[in-house]
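Take a look at the structures listed below.
Shared chain: subunit A. Partners: subunit B in the first complex, subunit C in the second.
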Partner chain A sequence: MIETPAIDYGALSPIIALVAGICVVLLVGLIGPRGRRGLSSALTLATLAAAAGLLVWQLGEPDADLVAGALRSDGLSITIGLIVVAAAALVVPLQLRDPAAEEAGFGETHTLLLGSVLGMLLLAEAQNLISFFVALELLSIPLYVLCGSHRSRSRSLESGLKYLIVGSIGSATLLYGSAFIYGGSGGATDFTAIAQGIGADLADDPLVLIGIALVAVGLAFKVSIAPFHQWTPDVYEGAPTPITAFMAVATKAAAFAVFARFFITALGPSADQWQPALAALAAVTIVVGNVGALGQDSLKRLLGYSGVAQAGYMLTGLLLGTVKGIDALVFYLAAYMLINMAAFAVIAVRERETAYGDDITAVQGIGKDRPALAWSLTISMLALAGLPGTAGFIGKLFLIEAAVAGNYTWLGVFIVVGSMISLVYYLRVVAAIWMRPAPRLAPAMAGASTEAAGEPGLPRRTGEPGRTPSGAPSGGRCWLVLGAILAATAATVAFGIVPSPLIDFSAHAGEGLASMLGPG
Partner chain B sequence: MSISTWGWLVLAFPLAGSLLIALLYRVLSAKAAGWIGTLAIALAFACSVGALLGLLDRPADQREIASTLYDYAGAAGIPFDLGILVDPLSVFMALVVTGVSALIHLYSVAYMGSDRGYRRFFSFLNFFVFSMLLLVLAGNYVLLIVGWAFVGFASYALISFWYRRRTATDAGMKAFVINVIGDIGLVFAAILLIKELGVTDYGAVFELAPEAFTANEWTVVAICLLLIVGAIAKSAQAPLHTWLADAMEGPTPVSALIHAATMVTAGVYLIARSYPLFDLAPTAADVAAFIGLFTLLMAATIALVVTDLKRIIAFSTMSQIGYMIVGVSIGAYSAGLFHLMTHAFFKALLFMAAGSIIAAMAAIQDIDRMRGFRRAMPFTCGALIVGALALAGFPGTSGFFSKDEILAFAATRGGMYWIFAVGGYIGAILTAFYSFRIVFRVVYGEPCEEAKELEGGHLAHAEPVNPATGEVEDTDVGFPGPDHHIAEREWPMKVAMAVLAFGALFGGLIQIPGVTHVLESFLEPVFEASPIAATVHVSTTDAYIGMAVGGLCSLLGIGAAFYLYMVAPGSTLRLRDRFRRLHDFLFNRWYFDELLNALAYRPVIACGRFASGTFERVVVDGIVRGAGDGVGGLGTVVRTAQSGFVRFYALLVVAGLAGLGLYFLLAAS
Partner chain C sequence: MLVAIFAIPVAVGLIGFLLPARIVGWWATLGALASLALAVVLVAGFDATGGVLRDVVDESWIPQLGVRFQLGVDGLSVFLVLLTSLLWAAAVLWSALQAPDRPRNYFFMLGLAQTATLGCFLAQDLLLFVLCFDLMLVPLYFLVGAWGTGDRIRATIKMIVYTLVGSLLMLVGAIATAVLSADATGGITFSLEVLRRFPLADGTQYWIFCFFAAAFLVKMPAVVVHGWVVDAYRSCPLPVLILLGGVLSKVAAYGFLRIVIPVFPDASIHFQELLLIIGLASILYGSAMAFTRTGLRDIVAFSSIAQMGFITLGIFSLSGAGGDGSVLQMVNHALVVAPIFLIIALLAERTGTEDIRAMGGMAKRAPVLAALFIVVTMALLAIPGSANFVGELFILKGVFETKVAIALIASSGIAFAAFYALRMYQRTMHNPLPEGADSRELTLREGVVLVPLVACIVALALYPGLITTRGQDSVDRSLASLCEDPYGIAGEPAAVVEADCPPGIEPEPAPEAVAGRGGFDAWTGYGPAAAAGVAP
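Presenting the complex of A and B:
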């Protein structure tokens, strides 16, 4: 007889719901006609809603080890899971009229999206090296495909391929590092067992340290920490915008969750070794991200670099190894999710309405014609910069406070200076929205006429094959999309003024790791 | 109503006005937006008066009311709450801010009448006042920083209000960037406070600070120096003053708002508010005082030669703020704040008069072109003369009493502080000279063409151009509107100027040495803990000696201006040719812009250019070119992806990995 491990089905229920949902969405996509966007989207949203409901239910339950300790359901995994599910739910309406989703088929796109969400949930719960790696691949592979899903656009294909190659390097590094740690800790795969294996004696063993370095690099890839970030702007720019939004937010959240869990639970004994190294990486990342974003004309590239800088801020919260730090990290991730989803959604809408793609020209002068979009993007930009009155400000305040309390005041200083630099490029977008006249050419004309390429106001990327503006549906007037944008924006402001619900939410994460963490 | 309710209402009205105008801009008629904005500020003023009366009802030692709307500390462990502090100092500031702002709003209703961005203007204006009130009413350093940042943002929006003017958007950017430098200083100060004391509430900070720090300990000096960085950036003191002259690109009511009542006085308020910290760090306080003295003299000399009407007044503002900074840094708190109040009156009045004259000149701002407006615009010229008299410290006017109170304090404190008295009196001569330079050139003399036309009953009208560059403009949204408005024909402008002129003439009577001390006794509970204020007392005799000297300085300056511009016209040209080098040095504003350019601006731009140039060219353009060449087939993509860029990534990855690995190995050994 094979002895089956005891499985806590209650704690596993979000995962089960997602798997069931994936099967249903895939099958419905197969049997129906190709354009079944409504049914497919509704089923996807239903799946996500079910998963979210089950996660919320689990939030009140005690922490549990699942599947023989391979997974662990605790405050950290559940809060991150909710952030991921919310991000996916905001992406679904955006895909309704997305040319990429239309081309690839809604059933397939949504299946892949849900698959990636599943991977992220598992990653946030991963408690040993095997499930860690499997979950990472499960989240990455659907994303590689989704990035390349706009097949008639070469940049999308290029983005998918590039992500695949670079992502594979990251995964390989990670796997290699895991092997070192496995060997160094005397054959342990479980995170707590690794911590015991390393103990106090092996904390500065070269074998373990090389393993830590390799794992850190692999994770740094996923969360775009400099100097392992170069793929970020390229892939962000090339991928279909809804996918970019999802990647920017959800991947980062899930990867940071496992980053925190692995480094704090498994590598806690070596903290003195890796803390300064990660601090240096965080500082470099803040500088590189903010300086890189300065000259960008493509909004998606700009947000890509901004995402790099934000990853630097978040890494600060992680490396402190305190409850406060983890709380601040999760709070920042939640705020970042709301802000970024609104920003990318506006970009996606304007991409479909104008021929300027994601160039900054596309949002010029929208303050007059589309005040709802203009305000959302403005508030998002100010929130990313950390202006008071938004969730971004409270998030930064939290991180700085945690850094000061954790004796990394100098990193707090980096966050402040980085935020000040970032104002330059965020305000450039705000200025474009409110203080520039709308571009003169009518959108449909611009794409169709050949002279348009010579028009000085036009960016160089307009003449792409596959982006025929005549066929571009005007998704911007879709109420669902507008509703999602406004909801995210309203939440950004609301949590900026009364942050306590979000603070209570993120406090669950710190509790999940509290036994491993120092106080403060 | 309780005092704290009044305090919250002071904040609520401008915010509500701003949001109401912003949300209903399609529905509201232009004039309605203006009146809503004005009403909101007037109500805020009424509530400030309510708070004042509430405070006066209480005994002097119970006039400090803190009120918290939302406590972030309970939720998150961050020592900070959404709370206000209503005490004599904050109520005094709120009264000055709302009072003068209400008049400026009233003036703008008429002055901005034909501008296509009328509603946006009032929404911003209300937001600006809200931010400023948040700054002065905040009960802790973090909320102060919030207001501080909002003010910076609002000023950026207002200076760049005519956003199709290149010069205006550049000026807005400059103001914003310099303000952000100040913000960084403040944020660092707050971080240090949290680290050292664990609190940000004013009361708690000032209570804990004397126990935590010994006098002149480096931490407290560092905190104060960082506060000074914030203060001088906002208050346009050297070397962070260059934004203020450029900020004149904004509409004239904005200049009045930013330069008189509100934004620039924030630094003075900050130092006065933080006086218990500065008491512990006398070195830092002296640094601030010397910065103030230097700015006072530098800006006054520049104002002697600048020819743009609004910019003369702007440099005069820097100079006058210098007096206030000197005052609050050497311990003359109530005197410094008294000058803040009188300056708000006469400077707002001067800007309003200047706006009226510029309108009559059809947007020309160069005083070389203006002459002889006394018959064409008697009301405006009267207001200008009243403002200039108060600015020059003419005996009996408000500026006379307030300025001399600061200088008498410096002289009484003695020792090194004599320097400030002497420098202040020299500055007073220069001030009197340049203020009457404006008067004698604009009011008197043979009327210029525009003045003659106006005497004939016709307002000059010209092709709309940018006064700074001469570029031709249209009058659509983003540029100034087609029509100009002068005080003689618009009653709201007249009312606003008349009230301010009254304040500028008689505002000083509340603080006549030996006779009245309204402000001093009102503010006393705030500053009673200060050891300097407790030991240094200006005797009435000394005060009158100081006033005699100040009056003489004022008359000397006015007399010199009278001689050079009225008795011997043309002699200034000879002087200019004689001292050509000096003139150029002053005219180019001591070359501060060039200095900052070379030290700060260029390196940053170079960084950005590197990022977008070299880096982008290597990494990005190659991809675009590679992908664009082919039809977009997979083959091309693979080739592009493999030929160079991914390899370039891999190189960086290996380098990064090697670095990290090396670090760990070194750490291990």
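Presenting the complex of A and C:
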């Protein structure tokens, strides 16, 4: 049968809006002087808002195969797309006062950010090995650059390079694995065609199994599943904090979307083979991430390890291969987005206000004089630990319920054992906020941060010639940032008390994937 | 009504953030008194016949996960609700008189803790119970960590990690219970009234029972898992200690009666002896430690372990008398512990220490304080005539009916209690007054909190039937699950062999009859009545 590519502009519209936005933001960044951060940020936010609006519109539309079946717009891709766009929108205000964005130029930073968002949207929609790989690279390459965008800080450059190398290895592994699957399934690239190609006969064919293993490893690099997580704390620590926040949340969401789509639809016939393997990986990840976080003094490293552990929880939802598991995964991703954005934003604010960088000292004693930041970080920590009254608790509840229903009760036990270990380090942060006195050294407040910022002991260029005081990264309180933090925190608590809207939202994902599996 | 009782404390705490710091303590006191008044009204209008749930609230909450917002109160919980409100009122009033640092946060945390605790006592949905049980820890963590004394951060993290090990396992257990019985109940539901009608298979019950028992035994605390108690008691601010020692430990005992026995009856019988031995060990070990320690807080901590051991014995005697005695003893112990902690605070203020070696002679100039203390001491050692005596008598009667050997050993616990309680009283109140100690009489401010609590002890001593008569039917109803085929599944009349029921327990009538009495079937749509096509 010959297919003529029919173009469904409606379903493609979020992608089109993003591409248009990227062009505009890039051009505005080129023509304007360096200080034009307001306009560039506003245009970025407008682009994201347009994409979000179109995604919400598409949520009500029927599922559609796009671009000759290379992409698919369904509940899974749209919910993940919305999570990614929301994460990016929360990052933009954080960039406003960020020294890295200041140095690299706002137009360029925002263009790269939007480029990565575009990659994530495409990745969530990919249902073909080619579009899968292309979207993954489109997601990753801007992030490599963004990680290294704080050029005057050697840690940032180190982080960018490290991420580039590790990310490339991951991509190469994935590509190699795809080739095996292509060969093993008799030359199919479409996910559904692969499933048909593998069928019941080739489910434990060595060629296919090697392919599955390699693809799993490649994806494990991206979502930082142990033992492929070693890069995570280093890269998280070195990258500019807003970028870390974006990476931690959005990359994970998009990579998990394609992970779920590829494994459940294309590799569904071999589920009996990969399910136990992924379950073992999830268990190892939960333990490794939580134990690794125990001794960390750097908050970004701590959240890096915590992100590893959370990836283990999320993997549990994925490997069940049930609609409920996918719903739980997407719910967890949405909650994780809100919680992590608030936590990283508080860290970013304190980085600019004090001389301690992202060390835990930076948040000591803030319960007294910065109650809004203190409560936000506290609620984030409790939510990550999964304590009740927060979306984190409902997320764990959902995951465990799905795990028990999917006959993986022991993984549910692993999740709570991980939560117990995690309390030790999350509560350490909370204790620093409320129960320890503020450090002796007076915090460097507005304006003074150019001298004091950066980790102590690291050489840091202080100010550039010709930079006006107003253009300098300022530690002053930015209401937009505070607003974003409070909004994310309020949502964390609200979805912890009334979770039904978010559960309904995540239910679209399971439906989408189920419809792709279809009657066949 | 129940929603108001449940929500007022946290709402008061939230509003407190908007008020000036100076008056926030009095605002919180007002809120605590209001919730106490509501609890009194609840008890006054309570109808205990049949032991069924009253004032039921049932709202849809997370339909996708099968979680409902179900509150209800019966003879098991009604006095614990009153007790919670009473002790919270005392603690809040005491704190307001002390004017703590950062009062808005402090009183918010107290309010949140009260809401969570009341939630545990009122919840009729297993998940709501677990949620509230975990939620209790959050404010407690802050209260001990931020307002405590000594090595408070280490103590608070130790307490949280210990207790959460149990509570999070309980979360898995609760979810597993609901999911694994989903086929029988027709969809995932956490409703306790539904779950108890459809017991799980034996093997499944056993491991889930272990998870629940872990949570409750740590919280209680029982011997072997009591490691957090002493540190926490030492670091805890005194008003919070009233709540920790008085109320929070009762949540665990209540959990056994409300959840474990009805929902996991086979496992309860299977593990009965193990739990009895843990209870017995708690009595012996707690008593032994209580009469060797010299710090007042340590003494009370270990005596609490011993007292909670008695309550465990009563519950796992799996008999009507033992259950009744445990419910009474829960209230008694809380009422005794609360004034003791307040008296410790007063003594520490007057002598500058909490070590009984450096105390003495306090009775000389403070006869009223001494008189109040002797009443409390007598209640603690369960002298005949006190409600504690009645409670322990019931408990021992229950144990004698089932396990004579354990009852004989446990009886010695009463003698031990006399020993450590009198030692505590004598070393603080009699003997010569040490140098530097200041024997002052009770001030009016202190009396306002202390006297009503002691009055409650006396009142309960005069009329312990207040609690036992109302608790009886509900205890019987909880234990009825232990009968063989107690409900006659699928609408058949219950086929009961008399000998299979615990001593003193009658099997429950068939489900239709329960539904007719305003049971849960009518409003859950689940359950055998609905399954059998009986119109709800």
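The definition used in the following text is that the second predicted complex is superposed on the first by the 477 of 520 C-alpha atoms of A that agree within 3 Å, B and C clash if a C-alpha of one lies under 4 Å from a C-alpha of the other, contacts with A are read in each partner's own complex, and residues count from 1 in each chain.
Criterion: a residue touches a chain if its C-beta (ideal position, glycine included) is under 8 Å from a C-beta of that chain, and two chains touch if they have at least 3 such contacts.
Just so we're clear, the structure is a prediction, and the values are computed from it rather than from any experiment.
Judged by the touch definition given at the top, the superposed model places A:A172 against neither subunit B nor subunit C.
By the touch criterion defined above, A:L157 lies against subunit B but remains apart from subunit C after alignment on the C-alpha atoms of chain A. When the two complexes are overlaid on their common chain A, residue A:M420 makes contact with subunit B and with subunit C alike. In the superposed model, more residues of subunit A are touched by B than by the other of subunit B and subunit C. When both complexes are overlaid on chain A, the residue A:G389 reaches subunit B and subunit C alike. Judged by the touch definition given at the top, the superposed model places A:D234 against subunit B, while subunit C stays out of reach. By the touch criterion stated above, A:A20 is placed in contact with neither subunit B nor subunit C. The intersection of subunit A residues touching subunit B with those touching subunit C, taken from the two complexes, comprises 387-389, 393-394, 397-398, 400-401, 404, 409, 412-413, 416-417, 420, 423-424, 427, 431, 434-436, 499-500, 503-504. Across the interface of their complex, subunit C is touched by residues 367-368, 382, 386-389, 393-394, 396-398, 400-401, 404-405, 409, 412-413, 415-417, 419-420, 423-424, 427-428, 430-431, 434-436, 499-500, 503-504, 507 of subunit A. On the side of subunit A, the complex with subunit B involves touching residues 152-155, 157-158, 161-162, 165-166, 169, 173, 204-206, 209-210, 212-214, 216-217, 227-228, 230-231, 233-234, 273-274, 276-277, 280-281, 291-292, 294-296, 301, 324, 387-389, 393-394, 397-398, 400-401, 404, 409, 412-413, 416-417, 420, 423-424, 427, 431, 434-437, 460-461, 464-466, 497-500, 503-504. Looking at the complex, you find that subunit B touches subunit A at residues 70, 72, 74-78, 80, 82, 142, 145-146, 149-150, 153, 156, 160, 163-164, 169, 176-177, 180, 183-184, 187-188, 191, 194-195, 478, 607-609, 611-613, 615-616, 619-620, 623-624, 627, 630-634, 636-638, 640-641, 645-646, 648-650, 652-653, 655-657, 660-661, 663-665, 667-668.
Of all the residues in subunit C, the ones that touch subunit A in their complex are 61-65, 102, 105, 127, 131-132, 134-135, 137-138, 141-142, 145-146, 152-153, 156-157, 160-161, 164-165, 168-169, 171-172, 175-176, 178-180, 182, 188.
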